[in-house]
Amino acid sequence: MKKVSDCTVNQIIWLNENNFLLELIAPDSLPDIRPGNFAELRIDDSRDVFLRRPFTILETDKTNNTIRFFIKIIGAGTRKLGTLSEGDQVNMIFPLGNSFSIPVKGPVLIVGGGSGIAPFILLAKELQNQGIPITFLFGGRTHQEILLIDQYKAFGEVFITTEDGSAGEKGVVTQHSVFNKIANYNMIYACGPEPMMKAIGNIAHHHNKSCEVSLENMMACGFGACLCCIVETKSGNQRVCTEGPVFNINDLTWQI
Amino acid sequence: MADLSVKIGDLQLKNPVMTASGTFGFGEEFADFIDLNRLAGIVVKGLTPKLREGNPYPRMAETASGMLNTVGLQNRGVDYFINHIYPRIKDLDTHIIVNVNGSTVEEYIEVTKKINKLANVPAMELNISCPNVKEGGMAFGVSCPSAMAVTKAVREVYDRTLIVKLSPNVTAIDDIAIAVEEAGADAVSLVNTFLGMAIDAEKQKPILSTITGGLSGPAIKPIALRMVWQVSQAVEIPVIGMGGIMDATDAIEFILAGASAIQVGTANFIDPQVSVKIIEGIDEYLEQHDIDSIAELVGALNID
Amino acid sequence: MADLSVKIGDLQLKNPVMTASGTFGFGEEFADFIDLNRLAGIVVKGLTPKLREGNPYPRMAETASGMLNTVGLQNRGVDYFINHIYPRIKDLDTHIIVNVNGSTVEEYIEVTKKINKLANVPAMELNISCPNVKEGGMAFGVSCPSAMAVTKAVREVYDRTLIVKLSPNVTAIDDIAIAVEEAGADAVSLVNTFLGMAIDAEKQKPILSTITGGLSGPAIKPIALRMVWQVSQAVEIPVIGMGGIMDATDAIEFILAGASAIQVGTANFIDPQVSVKIIEGIDEYLEQHDIDSIAELVGALNID
Amino acid sequence: MKKVSDCTVNQIIWLNENNFLLELIAPDSLPDIRPGNFAELRIDDSRDVFLRRPFTILETDKTNNTIRFFIKIIGAGTRKLGTLSEGDQVNMIFPLGNSFSIPVKGPVLIVGGGSGIAPFILLAKELQNQGIPITFLFGGRTHQEILLIDQYKAFGEVFITTEDGSAGEKGVVTQHSVFNKIANYNMIYACGPEPMMKAIGNIAHHHNKSCEVSLENMMACGFGACLCCIVETKSGNQRVCTEGPVFNINDLTWQI
């Protein structure tokens, strides 16, 4: 069941000057939150932000009802979120969207590009619980864009690519040598810029691997009411906020 | 507790607050957030004779105190509604009102006839600002003769409360209101969205897939309020006001300007509980101002 | 430094940024804040044949991302301008453009003839959305025949660059633009304010003394931008865009949509230095995007 | 000469839960500021505040370029100003408007109603410099509305009225016994709610005393450009922000 809650900021942890973790405390016990779910945060009293902003739920802690988000500053709304301080109120609608499916057996490959790293901590926890081995591959332009690696290392092997070669293999994610062993993996998950997801989708498709991607999109409501956030699927236009954000590439009409 | 009930044609509303078409899905999307039975009515997403996929993505752009949308009437068609959605929502203790669309008069009539048979749909809202229609791309809602023609045709096949939803993209919205009143409308609702546009200066491209789209939200409230005022001076039938209503104070302003009831649109996206908060806020206002019935407030603006 | 110059009729502008009538006084009010000579032009407050006291107080209401005004063309009349104000501002190194108003065609002609003789007023802006005119209270700017008639009459007595300022309160602003183009306008400027209204829910009264007033500011930008786009597709003459421009990015959007120049209005109240900042911002944009001349950007919106 | 300056908040001093003093530091030396002048403050990043807000300049300190305002919270803008903290930036246009005239000789009576007390500290300083004796009369609904009295006591005798009798004489300002000795005063200044100013104007008029009032008004610009802030005068509509905010009652068309 979806909720609208007035949450309290517990802390903001800056990862670098453009990225931070926002930790909120919900006023009552957390509902069931699945890997891939997101929340819509209301950014109050900001002249340039009219609608809510969607963010993937990075982590939850049921013992103290906290929820964490990984946030990258890209405009007025995310900038304003970064100015919050402990004790400030943030109104949140959550949990929203569908979630990743968990395969019967592994191993799985998780690929994150740029700031497309948020959905995978909850997913990794779930996969770990099911005893499924995970390989991570994260790509960015430079090593400064490679974040949360230490957290991910707790769940499996982590490969890195950077376009400038400042960390891991030089290049883009799809060029990474892990794809030489693609046959090993039973399933691929991807999140990041659309061209990257399409490229991963392409590889998965040609190797006949099941592949789920988490899409971003301009959302007005986030809970299925406005029909603004559609993506073309083989069964017609679907709402990314409700039928997604996670889609199996076989259901999309991507030319891959 | 003051008397919040109002009448629109034969339609008895328990309070003046409905939700606007296209901003409230089929109500079900809000069931987790509010008790839908508190609402006077739910105007469901616009229906057409057949399934429509709507316009391509991107469909939304945020603007100063507002948003543009170009959903393009995506819906599964009236039959799907009747067979799959209506059964799920028909027993709610709120009025289900269907927003009827078509690209030709015939299409409007087709949807209307089907809706006319639904026991628990006591009213329809005839949406005459759909952009893809016969008359050379000119919408039905922007000329008096075409607005009159479609209203008349629909009136002939519809037995219940007929609300006609007006486009604000006109020189004289009062003239259009008079035309649809003459054609047999039981009420008018206004405003639909304003045709607007957003540009990404960096990419040097329009933000919306269809270049232009419909502007809604508080940005348009001053114009919507003026139009409600203007139309309520011009016609005898009840006026349903909307356009940028975010809270009870906004709703009271529309009622003072002449609206017998109001619809909440874009605000539902920002606060899915806002419609119920508005009902409560109106009740408080009446109590604070010692007004027994909301009816006393309709058009009560004091202009000296 | 890129080439910022543009041409409007015979009028050579050093950059595309002017200030909008009624929002910049006679320029002098801003002399403490900016170097007026940086501006391409100053459109002065609307003039009428005789002194007008304008409308009673209150004349202003703040709205979401905008404001309503009902100044009502308060001015001391064209003769006072010519004798007392013009001598003080005529030697600025910027174009002084007079915004001409009247309640009858004769009044427009009277003001125009007097302005026509001023050596340092190279252009006039014919304001055809004044609310108190002959045709049964209907403004000149909301019907093609009347817009055409007044433009033609003024054209006959005016030798320099004639800009006609269009009202956005119409069904088809492109038709009005075509009509004034045919009548001899050298350029059109748009948009003037949208007719709107604000209500004080506590007092149950309109906020403005005249009940309705004109809406300006970022709230209207999406609609203004759409109209500039629409008009620039319809006419050959240059389009001057305005409506909610707050910064250089907004200005670029209007230029991409088809405006050869822009005017800054309400933003001047919030930041009296904004017009110069916009000029600087446009220059930066051109540099960052490696564009040699602003002319390349006019109407360059990429719609695939 | 008017300026647009990015000022820094030095401190906020709360007088009670609805009234505070805002002290700003200007980035460079203060221009000449006259009694009655005001400033237009920009209230940034607030959804409900589009235009600037005008406030009378309460006090200035040329040695450290500080300017103080007395602010009463009445809506979104003033509320937001109250949330500022030391170091925050506030953009200010100043000094604006005309100023009170200084009579050749005193004594003078200064009457302030409600929050109409801000213009009189600068005025009192100036009058004191000219050796002109001052009597103050401040009125409010309750003693909680009688503020800044200690500061005013430094300049002259201070009388008080409250509607509930919780401080000074019970009643409204115009009923105060000081008006029995109205003949003693050479000039009257008033600021407060319009009916109060009109009542004072009435008394002044009937006793043939010169009287200046400081008007409030809805302003869009504050510096003469918009013509929104007019008041009817005997020589036509005038701009309160430019020809005012101080007017001699003889120039107004008040029915007194």
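Per-chain residue numbering starts at 1, and chain names A, B, C and D are given in the order in which the chains are listed.
Everything that follows uses one rule, which is that a contact is a pair of C-beta atoms (placed from the backbone, for glycine too) under 8 Å apart; a residue touches a chain by one contact, two chains touch by 3 or more.
In this text the structure is predicted, and so the values were computed from the model without any measurement.
Undergrad: Which chains does chain A share as contact partners with chain B?
TA: Output, common partners of chain A and chain B: nil, no chain qualifies.
Undergrad: How many angstrom between the C-alpha centroids of chain C and chain A?
TA: Centre-to-centre distance between chain A and chain C: 47 Å.
Undergrad: How many Å are there between the centre of chain C and the centre of chain D, using C-alpha atoms for each centre?
TA: 36
Undergrad: With chain centres taken as the means of their Cα atoms, state the distance from chain A to chain D in Å.
TA: 55
Undergrad: For chain C, write out the residues touching at least two other chains, lowest number first.
TA: Those would be 61, 63-66, 217.
Undergrad: Please output the residue numbers of chain A that touch at least 2 other chains, ranges allowed.
TA: As it turns out, chain A has residues touching two or more other chains at 47-48.
Undergrad: Based on the touch definition given at the start, go ahead and assign the chain network to line, ring, star, complete or other.
TA: ring
Undergrad: Using the contact rule from the top, write out all pairs of chains that touch.
TA: A-B, A-D, B-C, C-D
Undergrad: Which part of chain A faces chain B closely enough to touch in the complex?
TA: 1-4, 42, 47-52, 91, 93, 217-232, 236-237, 242
Undergrad: Taking the touch rule as given, give the residues of chain A at its contact with chain D in the complex, in rising order.
TA: Where chain A meets chain D, its residues are 44-48, 80.
Undergrad: Per the contact definition, I'd like the list of chain C residues that touch chain D in the complex.
TA: For this pair, the touching residues of chain C are 22-25, 29-30, 32-33, 45, 51, 53-54, 56-67, 69, 71, 74, 217, 266, 268-273.
Undergrad: Which of the residues in chain C come into contact with chain B in the complex?
TA: 61, 63-66, 68, 142-143, 169-171, 194-199, 201, 203-206, 211-212, 215, 217-223, 225-226, 229, 244, 249, 252-253, 256-257, 285, 300-303
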